[in-house]
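Below: a set of structures, written as structure tokens.
Both of the next two complexes hold chain A, though its partner changes from chain B to chain C.
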Partner chain A sequence: MPSSTLSRVQARPSRGYWWYLLPGAIAFTVVVAVPFAANIYLSLTKWSGIGDPRFVGLDNYTRLLHDEVFWTSFRNTAAMVIAMVVVPTLAGLVLAATLFDVIGRRFGPKAASFLRATFYLPQVLPVVVAGILWGWLLRPDGAVNAFAEAIGLGAHDWLGDPGTALPMVMLVMIWVQIGYPVVIFMAALQRVDPDLYEAAEIDGASWWHRFTAITLPQIRPETFVVTLTCTIAALKVFGPVWALTRGGPNNATTVPSYFAYNAFFNKLQVGYGAAVATALTLLIVAISIGFLKAQGRVEEAS
Partner chain B sequence: MSTLTLGRTRAARRDPDRYKQGAARWVVLVLVAFTAALVLVPFAVMLMNAFKSPADYSGNGPLSWPESFQLDGLRTYWQQVRFEGKLLNSIVISGAVAVLGVVLSLLNAYALGIGRVRGRLWIVAAFLLANMIPQEALVYPLYAMAKATGLYNSRLSVIIIFTVIQSAFGTYLLASVLGTFPKALLEAAALDGAGRWTTLWRVVVPTVRPTLSVLLIFFFIWTWNEFFIPLVMLVDNSTQTVPLALASLQGDRLMDATTTNAGALISLLPTVVFFLIFQRTLTRGVTVGAVK
Partner chain C sequence: MRSPRTMISIGAALVSLALVLAGCGGQDDDAAQSGTGTFKLWHYESANGAMGKAWDKAIEVFKAEHPGVTVEFERKAFEQIQQNASMILASDQAPDLMEYNKGNATAGLLSSKGLLTDLSDEVTGRGWDKLLSPSLQTTARYDEKGVMGSGSWFGVPNYGEYVMVYYNKDLFQQHGVAVPKTLDELTKAMDTFVAKKITPLGMAGAEYPAGQLYYQLALSKADRSFVDNYQLYKGPVSFDADPLKYGAETFRQWVDKGYVSQRSASLKAEDMGTAFIAGKTPMIVSGSWWYGRFSSEIKKFQWGTFLFPGNKLNAGSSGNLWVVPEQSKNKKLAYDFIDITMRPEIQTILGNNGGVPVNADLAKVTDLKNKELIANFAAITAADGLAFYPDWPVPGYYDVLVAGGQSLINGSKNPQQVLTELGKAYEQGVSEIENG
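This part shows the complex of A and B:
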């Protein structure tokens, strides 16, 4: 190859590609950047959605800090993190390892992938449809109470009682989420050298020992991804709360996104809703950066 | 090590202790299968009640087997919400977003991954951020903009919004895939005199087609399942999507239990069918997304 051609080819991939970013940049500006900036501006105003917004500085934010419902919504987010991140990730690790290590190898890959698909099924539904299905199951005259009565327990208004509403929403979210880590972890396990397991097994390592010494360290990158994506999803959760309880009873199940939606479209407190949404964004970005930094440190160390 | 392992494996297979593990594996299978069955219980209860008559339901409760196989609930729900319209809306919106979102992701990723334009790390970070921002932090301005431009309550508004939101993820994923695109292919195309546009469609697209098809399927199903922004934007019966149709009937006291179940069944059927057809691609896609 003549040297002039070579240099021309190499010089090529650095100039003149800007045109390809243009449609994306315009669309991004109109649909994300401008609305996001506008939302921050609105969070500094008092506005009912009609007429002109009135600039009030940080009033909405100071009001937030003293609003009990706002704090309840963030406490409920912690419950969502338990239901959507902690429980599914831990259960998903055990299930995936069992499916891969025991079911897949002793009963064949067909059995393992059938069971995997079963766990994943709730993940493919529109989450609001899942919410409505469960809302019916948990109704005072629904199937759960029919079952409770059949085995001699009394009926209970599961979603109407402030004491049980949040645990029930958590239960539904565990049901929805469980399949996602199972699928990712099983895919991750296919990367692991089977000799590792074979050798450990022959050396007499127990299942638990293999799980902690091989499975967990080998699939650490996927565990990071699952925890991060599920945490973001837990902070954003809206549909199931809307479908199951609309944040009630008595704000017992309200979450920040429902709180913001309610402020925007039911209470017509646009500025206040915008402040909630901005606070939620800050929290999500901070948590994500923290996660990515921690991941970088762990990867460097290993 | 391999021969040693092999020898020990054979020894292990003869080990009588292995038989014990053979019994334990059945316990494990039963436990896992039982957990999987628990996941299916809500579907089973829904199926049972979707095919009951209202009289059968009020007489025998939600846990009994249907006295006879009735399609009334399904028919009532279908007619009440004019389901074929919702189905069409969902298909149009999700299909348009899937195609447009992939094209937009591809153009962005071509500039970022292969063009390596200056400041690309910051640009990718911006797209990543767009993927993280909760929709609540965009929704009111978008709602106001849609009202101002006359796009409120139109399928087009939702198509535009989700094309951008989905392509934020697509750009992030594709840019890292194209970042490792084989240089030799690009050089060969350049030597053959292909311009950038030709190279994109004749060389890059055919090579990354599997990733593109994964994105296409994901964008489709994600958009299909979206609820929050459609809830705000689509208020009219003629524009609403499948999940919204069920949700907006939920508060309706006229909807009896059998119709609710029939409605849930009809609403989740398309996604389940889609899942069964594309199960492999979806599983592969989840994995691709996880590793990048």
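This part shows the complex of A and C:
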């Protein structure tokens, strides 16, 4: 059969499959593309939410670049990435490997499952509930201060001091996030061939050697997924900040999504809020594309 | 969590509603003229609060007087109205009468966009203006830019509110503290409590109380022209000089002296109120909106109120407004309902439940405390002493004030730095309002 005929034979069924993409494409257009285009348009206007938007070109973006709070919000996002991606992923890796490889072996799979569930529990709580709960613990007359005073340390307004508010929000987010990588990594470890560990053990490899030489390379795809999803969650984090600090004290914990919300609803600066939302969306899309490309390259190389 | 996608959807909704707005015009329902049809009423007062009880009675009276009309009442949440009013009023789903927030950023904005009915003729025709003192009228009238204080009537307030000092009589008695009549006496009273290791003044930096204390302190050095300049943009406002400088500096001194806890920056107003209810706090400086709740929840000690000592001007204003959407299909019924809420029989219900009526039959207000509350308000309005609220001048200023108050409490910024930030945001906001 000539090669051109072969191509035609292969092309026919793939053209048929395009119809299956239609519902998704329509949904994407209606739910994502059109609102995003509308948002971009609004970001080029000055509008209080009522009446006709006034076209102002790139004014909102120029203002954004000179807005100190906007840059503070992005600096705080970097802190959120540490709290919601870096720490939970690293700690999650170690915890999952420990639960699977040490606890699971010594105390049985039930003990490991129980501990995994405990780590995952904060993920089940609605994030605002978690925020309110931690708000109670951290308030000036809350349990954390009662404990601090009992052991001789003075009480402190943890969420009211700009020096401690952001670290406290980060701490809460580590607590909320850590169960997610643990669960994903433990599931990933189930599919690693036990013979690899056995062979390594026979060869005298320590736990650390097994972890670095077998566990890490074997669960690389899951590490990518966790890192990507957690990074996106960190970039658009809103609920915990709203529940714990409302971006305060004095913008110490403001993040871009809260900043945009504030512009939309409190300041009635819809155009400016849309500019923040557009900048944030573009950043998330760019990071996601970067991640996916990096993942593709790594997988190709391996 | 507000994802960007949510915001985009909100943006799209706003666009489509703007289009609706552009395409819609006002209309009157003939049925209303004949006393039949449906009357849609929205408000956001809780059922067991003073206003909720009074408006319930007003609905009853309205039904009796309009037997052919079906009343569709919906109790909304404050946030629901606050965030969606503009979209709702621009659509054909608008109610015939609605409670709405007073101020430039809310009722003023909607009036300037043509979403509210000009009530001027009704107000004078029905004599509502005669029941409201000039300072209560300020929040009801808006000019073409939506700035309060002059122009047409776009809302009708029928109760008032003001900031005062609530105090725990038992704690005062226990520590031999007399009710202060001047600012000096107030600071001496607070010194007494500090000496007994009691923080005298409850505070909540994460919400409005800090801004209100700063404003009350500033008002102790202010006159009406300052209020007119600050709230109505009648003249320049200096954030480097008294009274605002005095407000910020004294607030910080009060923190340094232990009158206000340095650990209250993260607390919410609810925390401050519940600490007072629990009998832990000798005093709080806050609004009359607490009154009904304190009356029903404080059982273990005696409490009372006094006006902020020495102040001729006090934070306070009319209550929220009844507004008639331009899209209302039954405007006459809306006016009839407002008229009922102005009657002494309905106003007296407010007075007997911890509210501050503007036209009550005081002989029928039975509770002595409530009488005192109403009398204090009458004294303030008679002296033209309502100075509104510090966050009113520009949209979004509330957050700026909260941030400033938190900085004064936790000491992360000095008063001068705080004043500079407050001034910058104020000037930017005013410029945006004035230039459209």
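We take it that the second predicted complex is superposed on the first by the 271 of 302 C-alpha atoms of A that agree within 3 Å, B and C clash if a C-alpha of one lies under 4 Å from a C-alpha of the other, contacts with A are read in each partner's own complex, and residues count from 1 in each chain.
To be clear about the criterion, contacts are C-beta pairs under 8 Å (C-beta built on N, C-alpha and C of every residue); 3 or more make two chains touch, one makes a residue touch a chain.
Computed from a predicted model, the values in this text were never measured in an experiment.
In the superposition on chain A, contact of A:Leu42 is made with both chain B and chain C.
Using the contact criterion defined above for the overlaid structures, shared-chain residue A:Ala277 touches chain B and also reaches chain C. When the two complexes are overlaid on their common chain A, residue A:Trp158 makes contact with chain C while staying clear of chain B.
Applying the stated contact rule after C-alpha superposition, one finds that A:Phe238 touches each of chain B and chain C. Contact with chain B, but none with chain C, is seen for A:Glu198 once the two complexes are overlaid on the shared chain.
Once the two complexes are laid over each other on the shared chain, residue contacts for A:Trp208 go to neither chain B nor chain C. When the two complexes are overlaid, the chain among chain B and chain C that reaches more residues of chain A is B. Applying the stated contact rule after C-alpha superposition, one finds that A:Pro249 touches chain C and leaves chain B untouched.
Of the two partner chains, chain C is the only one touched by A:Pro53; chain B is not. Under the contact criterion defined above, the residues of chain A that touch both chain B in one complex and chain C in the other are 31-32, 34-36, 38-39, 42, 49, 127, 236, 238-239, 257, 260-261, 264-265, 270, 273-274, 277, 280-281, 284.
By the touch criterion given at the top, residues 5, 8-9, 12-14, 16-21, 23-24, 27-28, 30-32, 34-36, 38-39, 42, 49, 95, 98-99, 102-103, 106-107, 111, 115, 117-122, 124-130, 132-137, 141-143, 146-147, 150, 175, 178-180, 183-184, 187-188, 195, 198-199, 201-202, 221-222, 225-226, 232, 235-236, 238-239, 242-243, 256-257, 260-261, 264-265, 270, 273-274, 276-278, 280-281, 284-285, 288 of chain A touch chain B in their complex.
Chain A meets chain C in the complex at residues 31-32, 34-36, 38-39, 41-42, 47-53, 127, 138-140, 155-163, 165, 236-239, 245-251, 257-258, 260-270, 273-274, 277, 280-281, 284.
Contact residues of chain C toward chain A in the complex are 1-5, 7-12, 14-15, 18, 21-22, 83, 86-87, 90, 105, 109-110, 113, 115, 205-206, 261-267, 271, 395-396, 398-399, 402-404, 406-407, 409-410, 412-413. Note for the complex: chain B touches chain A at residues 1-2, 5, 8-9, 11-12, 22, 25, 28-29, 32-33, 35-36, 39-40, 42-43, 45-46, 49, 61-63, 104, 107-108, 110-112, 114-118, 123, 126-127, 129-130, 132-145, 160-161, 163-165, 167-168, 171, 186-187, 190-191, 196, 200, 221, 224-225, 227-228, 231-232, 242-244, 246-247, 250, 257, 260-261, 263-264, 267-268, 271-272, 274-275, 279, 282-283, 286-287, 289-291.
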